[in-house]
Each structure stands twice: as C-alpha cells, then as structure tokens.
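You will see two complexes here that share subunit A, one where it goes with subunit B and one where it goes with subunit C.
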Partner chain A sequence: MPILVRTEDPAFSRMLIGRYGGFVNECGSPVFELDTDVVSAGKASDDEDDLRVRLEGGCWILERGDFHAECDFKRRRGRIRLAATPWAIDAVLRILHSLLLAQQGGLLVHAASAVRNGSAFLFAGISGAGKTTISRLAPADATLLTDEISYVRDGLAWGTPFSGELAEPGANTQAPLRAIYLLSKGPENRIEPVSAAEAVRVLLECILFFAHDGELVGKVFDSACELAARVPVRRLFFVPDARVWDLVC
Partner chain B sequence: MDSLHDHRAAVTCALVGEAVRTFGEIRLRVTGISMLPSLWPGDILLVRRCRAAELQPGQIVQYMRDGLLIAHRMAGSEGGHWLARGDRNVYTDPPLSDAQILGRVVSIERNGRKVDPAFTGGRRLAAWFLRRSDLLARLLLRLGMAVAQ
Partner chain C sequence: MLSRLYIAHASDIAARMLGGEMMIMSPRDSTLFTLNETASAIWQAADGATPLEEIVERHICAAFDVEPDAALRDARDLVEQLASHGVLLISEAPIP
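Now for the complex of A and B:
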C-alpha cells in the first residue's frame, strides 16, 4: 500500500530516501497522501506508552511527544507535524499502515520474515524472542523481508522497510505465506504444534495495533483468526545455529 | 467460510476460558434472546469463575458448548452432570460437564445501569408467557429496543 509523503525539507527528504531505500519510488496511485511539517522542536520519544491514537470527528489523530498527525481516511489525506527524526516518521507510517491494513483484513506483525524457494516464512515474537537472531542466521538463498515488522495481507507476506537491530530495510518483494513460527529460545532446535487458540493468542500479542476502536479491534481479531486458520502456526524452539533454517523450510 | 466461522468461534471460546481462568472474571455481551426477560441482547454480563459444585439452582451459569458461549439458568443436576435452561426455553439444555462451565453471572449491566440477575416472581411469570409465544417475545424485544434507544 503505497503512501505518498510530501515534504519541502531537503534534509528530511534525504533522510527518507536513505532510511527506506528500495521502498521509495514514484507511485502514481498512492492509497494515502501525507503532508509533512517538519519542526525542530518536539519532545524526543519512542515510547509507545506516550502514544495516543483516536478517532475524532471522522479523523484519526495520532500523537506522541515527537509528532502529531491528523488523517482523514475518507479523503485519504493527512497532515503530520513531526520532529526531523527517523523514529517519528517510522512510527507514523507504522500506525497508518496498521489502520489501513486493519480495514482490509491485513496485519502488521512483530515478526521477522523471509522468502525461500518461492515461499514466505514468518517468525513472530515480542522483543527479545530472537527475530534479529534468526534473521542473521538466514542462509544465502533466503531473501529477508524484515527482521522486525512483517506485513501480511491476502495470504502473502510483504517486505517492509521497518527494521530492528539489523538496521537494514527488508527486500521490497512478496511471496505466499507458507508457515508461521512462534519464536522461543530453547536448548535445541525443535518444532512443536500449538492449539488454534494459542496460535491466535500469541499472534494477537505480536500484532501492531494502537487504536482503541471496537470495530477495528474486531476486524483485527477476525484477521488473526483467519490467518491462523489458513496458515500453519507452530512453535519454534531454537538455538543460535544456522541449522534451524533446515528445520523450518 | 463455515469452517472459518467455526474456527473463530472455537478460538473465541478457548480465549474466553483462558481469560476467566487467568483473571478470575470476564465481561461478555449478550447476543441471544433465550434468557428473555432476564437478559437482553446488548446486556454486559460480569462472569466470575467458580466451580460447578458452587452453583445453586436459579443462578445464571456461563458455559461453552460447540464453540458457543451460553448463559443460562441453573436448573439442577442429574447423574453427576449439571442442567441449565434458558428462561424462555421450554426444554433444558443437554447435561453439562464441569469442564464446560466457565463461571457464574454475578452482575448484569444494561444501558449503564446494574440489574439484579435473580429470577424474581415477575420474571418467572413473564418467562412463562414468553415460552408460549414467539410473537410476544418479538414484540417485547422490539419494545425493549425502542425504550433503550
């Protein structure tokens, strides 16, 4: 879902191009347009506790110490006032994508993902679960979609520019999602089945969604149930050893 | 689509069960009309975890069956199983095992007000009539919804 970001600030523009690499392009039909007012002031923050996402008069208001955005989903346009930091624009784009995706049955998931042999595999887990570790262990023939935030829609996993400790955007490509692994560090590499309820519960923990909106929360729950019904979900215990990839795909 | 619906229902039941076991209570919204006039669609039930043996006839029990969450009134026990029935239903539900029972409805919230879950004489009488007339139930439902709005 391409989002057009307009800025008159050359330094901010350079930062966007540098940060989002292969995801920046000339798109004639964006699904959303954002005008930006880059300000030097602003409370530095990347704390999710400080984040507020609410629907007000038909407009989504996204605010944190370092940004304030007003997004009109009917007109598909928004305006952000934000600090000239990568974290501010990163957060706005993640939240915006999570809202747009929720309406279309898609999800942003705290997960690493990669394509191998034409299929995508997703490794979900909260911070510290091993997303970056498993990404670093990926074999040469695997294409990394992200080491931090995966994008899932219509049975496909898509690359995202949202990176974790690897600090590198994923590949701008997509593939059919063949399996989801719930990451757990363990004494050995092994895969265990999980119940449908466990699969959905853990996926819900990993899904990025910040809005307190009953209708959209219901859609996210439905999407998580559908994802767990359509794609095999298993728990992957692993040690930092590249052989884990032979086990998963 | 049916299997997806069934999957969602089963997952919902399992998660609700897990939430009650973990937190001791849960709030659930009523969607059906089998407990009219005691429970109305849209009512919010506070369900508190309890063991089946603690339930008394006349109390409202929240239980799970075939991917459905059901709140019906305890009617007694039979052969080591528990019996429940919707206030408006003619027949009792199939016997319940301990594992199906989530807890007891301890309070009802309707349009922001607390409502006593007890099966009062007035409710018994109304339920008796509603059991015998679907038309009356539909009229009552329409009237109740109009009043709520």
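Now for the complex of A and C:
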C-alpha cells in the first residue's frame, strides 16, 4: 500500500530516500498522501507509552513528543508536523500502515521474517525474544524481509524498511506465508505445538495496533484469528546457533 | 437477598471460540479474555432474557460438580469483570 510523503526540506528528503528508497513504488497510485512540516524542535522520543492515537471528528490524530499528525482517511490525506529524525517518520508510517492494513484484513507484526525456497516464515516475539538473533543466524539462501516489523496481508509476508538492531531494511519482496514461529529462547533448539487460542493470544501481543476503536479492534482480532487458522503456528525454542534453521520448514 | 441479574453481549465486541476456549476482546481497551469451559458456558447463555441464577443452575450446576452458591458467586464476579471492560451488559431487568 504505497503512501506518498511530500516534503520541501532537502535534508529530510535525502533521509527519506536513504531510509525508504528501496521501497519506492513508482507505478502504483498512493493509497494515502502525507504532507510534512519538518520542525527542528520537538521532544525526542521513541517511547510507545508516550504515543496517543485517537479518532477525532473523522480524523485520526497521531501524537508523540516528536510528531503530531492529522490523517483524514476519507480524503486519504494527512499532514504531519515532525522532528527531522528517522524515528519520528518511522513511527508515523508504522501507525498509518497499521490503521490502513487493519481495514483490509492485514497486519503489522513484531516479527522477523524471511523467504526461503519460495516460502515466507515469520518469527514473532516482543522485544528481546530474539528477532534480530534469528535473522543474523539465517542461512545464505534466505532473504530477510525484516528483523523487526513484518507486513502480512492476503496470505503473503512482505518485506519492510522497518528494521531492528540489524539497522538494515528488509528486501522489497514477498512470498506466501508458510509458517509462524513464536520465538522463545531456550536451552536447546526445538519446536512445540501451540493451541489455537494460545497462537491467537501471542499473535495479538505481537501485532502493532495503537487505536482503541471498536470497529478496528474487531477487525484486527478477526484477522489474527484467521491468520492463526490459515497458517501453522508453532513455538520455536532456540539457542543462538545457526542449526535452528534446520527446524524451519 | 441479591437481585436478579440479566446479562447480554455488548454489541461491538470481538469474540470467537477457538479449540474449546472462548476468546473475547474488549473494543474499549483491547483487553483480551480467554474464558474457560464454565465461563464460556455462561457467555454463550447470555441472551439478555435468562436470569444469571438460572444460567448457572442450567449450564453450570447441571454439568459440573460445583456447589450452587459458590457457582453463582463466581458467575457474578465473572460477569462484573467482563462488564467493567465493556464486553458484557448487566441489568436487573431483561435486556432487549
């Protein structure tokens, strides 16, 4: 879902190109257009606890110390005032994508993901679960989609520019999602089955969603249930050892 | 003597039965509830017309080895908790 970001600030424009250049969609018409006002001042923040997302008079308001965005989903246009940092624009784009995706049955998930032999695999977990570690252990024939935020829609996993500790954007590609692994560090590499309810419970903990809106909450819940019903979900215990990838199939 | 309670699902909740467990998400605060077998039985019988006492008698006491007063106490705690998160409506009169 292409989002058009407009800026008149050359330095900010260069930062956008450097950060998201691999994900430019030249031919698609944007699903949303954002005008930006870059300000030098602003409280630096990447703390999600400080984030407020609310629907006000038909407009989504996204606020944090380092940005304020007003997004009109009917007109598909928005305006952001933000600090010229990668964290501010990254956060706005993640939230905007999570809202747009939720309406269409898609999800942004705290998960690393990779493509191997034509199939995508998701490794979901909250901070510290090992998303970057499993990404670093990936074999040479795996294509990393992200080590931090995975994009799931229509049975496919897509690469994202949203990175974690690897600090590298994922590959701009997609593949059918074959399995989801819930990451847990353990004394050995092993896979355990999880119940349908447990799969949904953990997936919901990992889904990026910030808006307390009844309709969208219901859609995200339904999408998580459908994802868990459609794709096998297993618990993956692992040690920092590349052989863990022998279990991924 | 405690008054009769009637219970009904809130209109905009997200709920689904998965592998024998009822999962309910509050639209108000995104709290996720996973109900066990007895709580699921109460949830499924919450039609707004049947008093909670009768639900407990019919669906809990008749099916599980449980003392009626304790079952009703637990049921009241459950429905009050669910109501506080906006997923269940409670009323002393039938809920249309």
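The rule we apply is simple: the second predicted complex is superposed on the first by the 245 of 249 C-alpha atoms of A that agree within 3 Å, B and C clash if a C-alpha of one lies under 4 Å from a C-alpha of the other, contacts with A are read in each partner's own complex, and residues count from 1 in each chain.
Rule of thumb we're sticking to: a contact is a pair of C-beta atoms (placed from the backbone, for glycine too) under 8 Å apart; a residue touches a chain by one contact, two chains touch by 3 or more.
Owing to the predicted nature of the structure, the values given are computational and were not obtained by experimental measurement.
> Quick check on the subunit A-based superposition: subunit B and subunit C, clash or fit?
Here the two partners, once superposed via subunit A, clash with each other.
> Decide which partner touches more residues of subunit A, taking subunit B and subunit C as the two options.
Larger number of subunit A residues touched: C.
> Scan A:E70 for contacts with subunit B and subunit C and give back first, second, both or neither.
neither
> Taking the superposition as given, does A:G214 touch the first partner, subunit B, the second, subunit C, both, or neither?
second
> Pick one for A:D90: touches subunit B only (first), subunit C only (second), both, or neither.
Neither: A:D90 stays clear of subunit B and subunit C.
> A:C225 contacts which: subunit B (first), subunit C (second), both, neither?
Touch status of A:C225: both partners.
> For A:R201, decide between first (touching subunit B), second (touching subunit C), both and neither.
both
> Where on subunit A do subunit B and subunit C both make contact?
Of subunit A, residues 195-197, 200-201, 222, 225, 228 contact subunit B in one complex and subunit C in the other.
> Under the touch definition given earlier, write down the residues of subunit B that touch subunit A in their complex.
Against subunit A, subunit B makes touches at 3-4, 7-8, 10-12, 14-15, 18.
> Where on subunit A does subunit C make contact in their complex?
195-197, 200-201, 204, 209, 212-215, 217-218, 221-222, 225, 228
> Help me check something: in the complex, which residues belonging to subunit C touch subunit A?
12-14, 16, 18-19, 21, 23, 25-30, 32, 34
> List the residues on subunit A that touch subunit B in their complex, please.
Those in contact with subunit B are residues 195-197, 200-201, 222, 225-226, 228-229.
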